[in-house]
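Below is a structure I'd like to ask you about.
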Amino acid sequence: MYGIQSWGDTLRLLVELSATAAFALSGLMEAARKRLDAVGVCVVAFLTAFGGGTLRDLLLDQRPFFWVQHTEMLWGVLVLCVIAMLFMRQRHFEVTEKAILWPDALGLGLFTATGVHHALQALMPGVVAVLMGLITGVFGGVLRDMVCNEIPTAFKDHRPYAVCAFAGGWTYVGLWTFDAPGWLALLGCLVVTVGLRALALWRNWQLPAWRA
Amino acid sequence: MYGIQSWGDTLRLLVELSATAAFALSGLMEAARKRLDAVGVCVVAFLTAFGGGTLRDLLLDQRPFFWVQHTEMLWGVLVLCVIAMLFMRQRHFEVTEKAILWPDALGLGLFTATGVHHALQALMPGVVAVLMGLITGVFGGVLRDMVCNEIPTAFKDHRPYAVCAFAGGWTYVGLWTFDAPGWLALLGCLVVTVGLRALALWRNWQLPAWRA
Amino acid sequence: MYGIQSWGDTLRLLVELSATAAFALSGLMEAARKRLDAVGVCVVAFLTAFGGGTLRDLLLDQRPFFWVQHTEMLWGVLVLCVIAMLFMRQRHFEVTEKAILWPDALGLGLFTATGVHHALQALMPGVVAVLMGLITGVFGGVLRDMVCNEIPTAFKDHRPYAVCAFAGGWTYVGLWTFDAPGWLALLGCLVVTVGLRALALWRNWQLPAWRA
């Protein structure tokens, strides 16, 4: 049992780190496209990587923030920014965007699960917990786009993103309600979110538009 | 006495529900105009309806948020979004905009009064209480416009909106200072805010512009 | 000793007031350029002057906000807005922009020092303290630009601004770690920030751009 736990923890840490890096990279590239300077690139990367979780903690009134407890995350994103600015060129962007699709989807699932978990532990009702999960997973990207003066991609590209997290969040809440062990709820949320996201990208699903 | 109280509570609930619906509808229509997808439409509707009160509670450090205590409000706005996306067409927008002017003005007054009330109960000075009232009434719309990548309408359309809430807020603070009963302060704030707003729309008052 | 303390306090208050006025003025002018109405001008001025410190206090979970304790600051900015709208014309803008460069740089240094100080007192690690200093000094301007629907100047004009505050913040943290007295840490932070900012403006330093 302990073996599974510790193996799971390592796996989880790996997913979390790669997801944070994926989010930061998507911020980096957006900032570079907008021709921001070095400061702007770093700030947008930080906002994308840490914005969602920080907003959730603000709303749930939980302190300390995870990046206060794990300042090595801050340093890691800073190092990532410096490396990217030294070695990454515009022609790498398309490749990188493909390469981060998987860690990004994993991150969406994991961050959603984390958000739901925190909210449920703070005795929030199910619908609020799912909302907190969505905010954790999606609002990093929303803040990135707001700072870069764009309408958030998550709200207008008609490709299911938040919707996958929504389904994953309810999976977590459902399993939690039936007293499933924590790792199972996490796994369920991950599988549903990542599975739906993969399906959506593969089959090119489109969200319904407003029929004007 | 109890009769008045309970009658007043019902009336207040009705105003609150119709105001929230009016705010959500204004978010919906803005999102539709910007051609956001289903997710975007819902998020903008939520932000417009709940953003101002949530920001106030964040600043006053008050928990739980009202939408955590009354999750049926969340469901209501979600249902409203679904119905609107199924049945509402662009040609309905102008009619709707006219139709929500009154609930919107009532909502502005009521939300301002609520904001001022919360702040006064948290022992804030008068000017801070009025500020909190303004934030409650106006910042839902501000967040809506910021997400939709527009300069907030409240700041640039030269029609008195926040100014009405400002006057209403001071009315509330004044009546509170003279120990007027709660319903009277609420009524005063509502009458001043809605009255000024109606006058402004009727007489087409313009805020002074910066003489460049 | 007491003499120095009290002389220092007066000086500090003067710097703080002139810095707040400088920040508010930069908000005013940005709002006027965007042709906002009277409400918009006031809101943007308030956001620029108080946004950074308020965001810091939200993140550090510290209450009351400084503008709740010192409501005369709110009145001061309001009066400043009214005077500016009555007497300031577009042709004064360029002069004002030059004139506020010094109070703005002083304010950047002072606000950074204040942010770092609050964070260190809340037992935050050094890197988080510097981050809070940056947020205090820089995010007023960021919020101003976001509301005015611009990419924040601090992120794209390639002139060192946040970077100066970054260096100043680390100076404060360093002096604090070696148990230097408070006024020395404040002075160090101010000298480094203002010195670097002045050098950057004088020598026309440019932040590295992303080599696309």
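We just call them A, B and C in the order they show up, numbering each chain from 1.
Definition applied: a contact is a pair of C-beta atoms (placed from the backbone, for glycine too) under 8 Å apart; a residue touches a chain by one contact, two chains touch by 3 or more.
Source: prediction; values computed, not measured.
Q: Quick one: label the inter-chain contact graph as line, ring, star, complete or other.
A: Its topology is that of a complete graph.
Q: After a C-alpha superposition of chain B on chain C, what does the rotation angle come to, in degrees rounded to the nearest 5?
A: The C-alpha superposition of chain B onto chain C needs 120 degrees.
Q: Centre to centre, by mean C-alpha position, how many angstrom separate chain A and chain C?
A: It comes to 31 Å between the two C-alpha centres.
Q: If you look at chain A, which of its residues touch at least two other chains?
A: Within chain A, residues 58, 61, 146, 149 contact more than one other chain.
Q: Which residues of chain C touch chain A in the complex?
A: It comes out as residues 58-59, 61, 124-125, 127-128, 131, 142, 146, 149-152, 154-158, 161-163, 207-212.
Q: Touching chain B in the complex: which residues of chain C?
A: It comes out as residues 31-32, 34-41, 43-44, 54, 58, 61, 63, 65, 67-68, 71, 74-75, 85, 89-90, 146-149.
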